[in-house]
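Please find one structure pasted underneath; my questions will follow.
Order as written gives the chain letters A, B, C and D; numbering starts at 1 within each chain.
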C-alpha cells in the first residue's frame, strides 16, 4: 500500500508537534510510601515533523506506550522519549502525562487515616532546541482564610477551598510528596477527605489563626521552592474559589532560579 | 434524491427522542428589569420517532430555531414545540434551553451595583404522554457557613461557596428573579461580583450569625416553594464546595405539591 | 462537644438524599480477563434524612469507603449500602461510582493488541421505596457513517465518533464486556486505540458498507438488550459528534422489559 | 478600617499576576456584518504586585469592568488596561476575554442561512516587559477527511470534526471573520449548523475530493497567515476528534514572522 505520510508536503513548513492527544491509559507511578501506585492517565505524545514529510505515523506512538505497559516512572520517561524520536524519525519528542495521585493522610487530632487526591502532570521533552527538560506539575487543594475579612469583621472570616498549582524543573529527583507538604504548609490549613469532630475544630481554629491571601500563599511557596537546590525553575499559581463571590481570586509568579 | 430517512426501520422500535443536541445560539429572554436580555444558549431539540420511520430530519430543527430568531420567551416556547411536532410529523416534542442570566445586584452597605450571573435552563415538553410540561431550572451560587464548625470552635467557622439548583413546574408565570431571592434568603449569605470593604465586613458577620448546613438550606427553600401557589412540583439540591475537604457536601429533595 | 447534627431541624422536611459528592478514590473492579482491575473512581454516597434530624454525619461515609479499601465489586456493593443505612441511621442508601474501565482489544487484521477505555458507572440503591436496585451504565465510543450522506453522494460519506450510553437494571450479573460487544456490533464500526494501515483500510471499508443512523444504532441495541433475560429495564442513547455540523445528532429510548 | 492589603508582605517576592479570574459578564464586540454583537464572556483581569504590597484590591477590577459596561471592542481594550494600571498602582496589566462569536453562514447549494458559533479569546497585556501586546484567538470547527484512509481503501474514507485554534499578534486590526475564512479554506470542508440534502451531498463529495491530514491543514494555514502583513506572530494547532479512535490526532506550529 502507498505510504501517504511519506509523500512530500504541499507546503514546506516544519511542524513543532504532531502526534496523539488525550489517550487514556492505566499507568504505574512511583509512590514514596508503597513503591508503586496504580492510577490512570491522560497522555499526549508529540514529535516534530520536518518540512519534507507530509504526515507522521500515529499508530507508532501507541505501540511505544503499549511496549512500556504504562510504566511511567521517572527513570522510564527518558527511554520513552528516545524511542519516540527513533521510531518516528524525529529530532524532538514531547510527552505529557496527567494523572490523579493518591496519598494517605492522617487527621490532625483523631489520627484517622483517609485518602487524598492530588492531580499531577509530567511534561517531558527531549531534543527540542537546546536540552532535555522535565516539568513536574502538582495541584494541591488547600483552605485559605481571608486576612482582610478577619481584620475588619467583629466575628468570623470568609474562607474557601483554593487550588494551588506548582510546576518545577529539576536537576535531580524530587518527591511529589515533598512539594505537597510545602504547599500545604503555606495555606491557612490543608484539607482532608475525613475529619472527625475534634479535627474539624482544630482545622477551623488553625485557619482562623493563620489567615492567608492568595498573594501570601504564592509568595511563601516561591521562597521555599527557591531554597530547594535541585530546582532550576518554578511557577506557582493559586486560584481561590471565593466564598463571597462567584469568581476566583488569583495570584501567580514564575521564576528562573539562578544557581552559582 | 432518495429519502433514506423515510425508509422502513430494520428494527421496529418506537424511539422516545431523536433530534439535535448542544446547538449554541444567541437568544433573547424576558428580564424583570429591562424587558429583554440578550444572552447565549445551549439548545437541544427532540421529537419522538415511531417505529415505521427510519430517521428524523435533523435540518428541520435548526430551521425552526432560525425562524424564531432566538426569541426564547416563555410565550414563544409553546408555539416552537407545536411547530416541531408539525414539521417533524411527531406526537411529542421536547426542548432544552440552557443559558446564563445576568442580574444587577446592589452591594448591601456601599450600595455599589454589579452584575451577577445565574445559570438557568428551560425544559419544555409537549404531548409526551399526558400533558404539556415546563420545568424552569435556576442555579444560584451562595455562601454557606457550617453550624457544626461554629459550635465546636472557639473562633471562626469554615464556610464556602455552594451551588443551589432549583427546578420547578408551574401552572403560571414565575419570575426567575423571585426564585433567586428565595434561595439567597435561605443561605448564610448571598454572593456578589463586587463588594467594598464595608460590604465584606457585613457579609462576613452576616454569614457568621447565620450558619446553615446544606440540609438547612434545602429544607427552608422547600418550605418556601410549597407556599407559592403556582408551583405544582419542585426539586431542590445544594452542593457545598467544602473548604475543609476536596469533595462536596450534598442535600436534595423533590416533591409533588398537592393542591386542593 | 455539642452534636449540632442531632438538633431538631427548623423546618420539618424529610430529605431524599444527603451525603458526600465527587469523592475521588482508587478502586478495584472485577475484570473478565484479569479477575481484578485497578482504576480510579468518582464516588457519591447519600442516605435519606428524616425530618427530626438536622444534619447527617458526613465523615461516616468516608469511613465506610475506607473500611472497604475501594473494593467496588458487585458482591461488595450490597454490604456497603447496608452499612451506610446502619451507620447513618437511615432507611435508604444510594451509591454512585463512576470509573474508566480498560479492556485490551485486538486490531481486526494486524492482530495488534491495544487498550481501549470505556467510562462506566454503577448506581446502586437500597430501601428507597420498594426494593433494591442496581443500574450499570456503560459508555461506548463507536464510529457511525451516515446512510443518507452515502445514498445521495457520488463518492464518500460523512462519518464521525459517536458515544453510546447504555444503562441496564438486571436481576443477575451481566459482564460490562458483553454490553460493550453488543453496542460495538450495532455501530458502523467499533474504534481502537491502535490500528495499523491494513486495519485502517478494513475499518474504513467496513463502516462504508455498514451505514447507520443514530436511530439505527439505538434500535438495534434496544432489540438485543430485550433478548437478554437478566435485564428488566434499559435505556440507550447515542450522541453523534457530527463531522458536518458543530452540534450532535441524538437518539434515545428507555424501556421496562416485561418478563413473564 | 485597617487596609490589610497595604501592609508589608512577609516574603519579599514580586508577583507577576494578581487579580480576578473567571468573571462571567455580558459583553458587546465588533461584528463585520452588524457593527455590534451581544454575547457573554468569561473574563480574567490581572496586574503585577511589587514586593512591598501585601495584597491587591480585588473589587477595583470589577469596578473598571462595570464602568465600561462590557464594551469589549478592540479600541476599548487599551484604555481598560491603562485604567487597571492606574487604579491598582501597577506597572503591568493583563486581560483575557473569552466569548462565543456568532456568524450567519449560507449553505453552499440551497443558500439557506444559519448561525455558526466560533469560540474566541482576546489576550491583551500592557507594560509587562517591553511593549503592549494583543493576541487574538479563534477556534474554528471544521471537517477533515483522512488522505491515508482514502488512498488505501477501496471505498469511503474516515472523516471527523476537527477544532483548529489560531492565535495571532498583529500590528493593525484584523477581522475575526477573515481568520475564520482562511481556516475553513484549509480544511476538507467547513461545517454548518443547517444543511439541506443537496448541501450534504455537496459537502460529502467536497470533503472526499479534498482529503487533509491535521498536518496539511496546519501547514496551509501557517503559510497563509505569513502572507498577512499585519501579523507579527502566530500559532496554529488542530485537534482531530478521530472517528476511528477514542483519542485525537494533533498538529501544531508557532512562528515569529520576520518583517523587513
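FYI, a residue touches a chain if its C-beta (ideal position, glycine included) is under 8 Å from a C-beta of that chain, and two chains touch if they have at least 3 such contacts.
Here the structure is a predicted model, which means the values were calculated and not measured.
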Outermost chain relative to chain C, judged by CA means, is D
Residue numbers at the chain A-chain D contact, same meaning over half shared and different meaning under half, come out as same
Higher number of C-beta pairs in contact (A-C or B-C) found for B-C
Rounded to the nearest Å, the gap between Cα centres of chain A and chain B is 35
Distance between the CA centroids of chain B and chain C (whole Å) is 25
Cα centre of chain A to Cα centre of chain C, whole Å, reads 29
Touching two or more other chains in chain A are residues 1, 23-24, 117, 148, 152, 193, 195, 197, 201, 246-247
Among line, ring, star, complete and other, the chain contact graph is complete
Residue positions on chain A within touch of chain C in the complex are 1, 23-26, 37-40, 59, 62-63, 66, 100, 102, 112-115, 117, 193-198, 201
Interface with chain B, chain A side, in the complex: residues 116-117, 141, 143, 145, 148-149, 152-161, 189, 191-193, 195, 197, 200-201, 203-205, 207-209, 241-247
Chain A residues touching chain D in their complex are 1-2, 4-5, 9-11, 13-24, 44, 46, 49, 54-56, 58, 147-148, 151-152, 213-216, 218-220, 222-223, 237, 239, 246-254
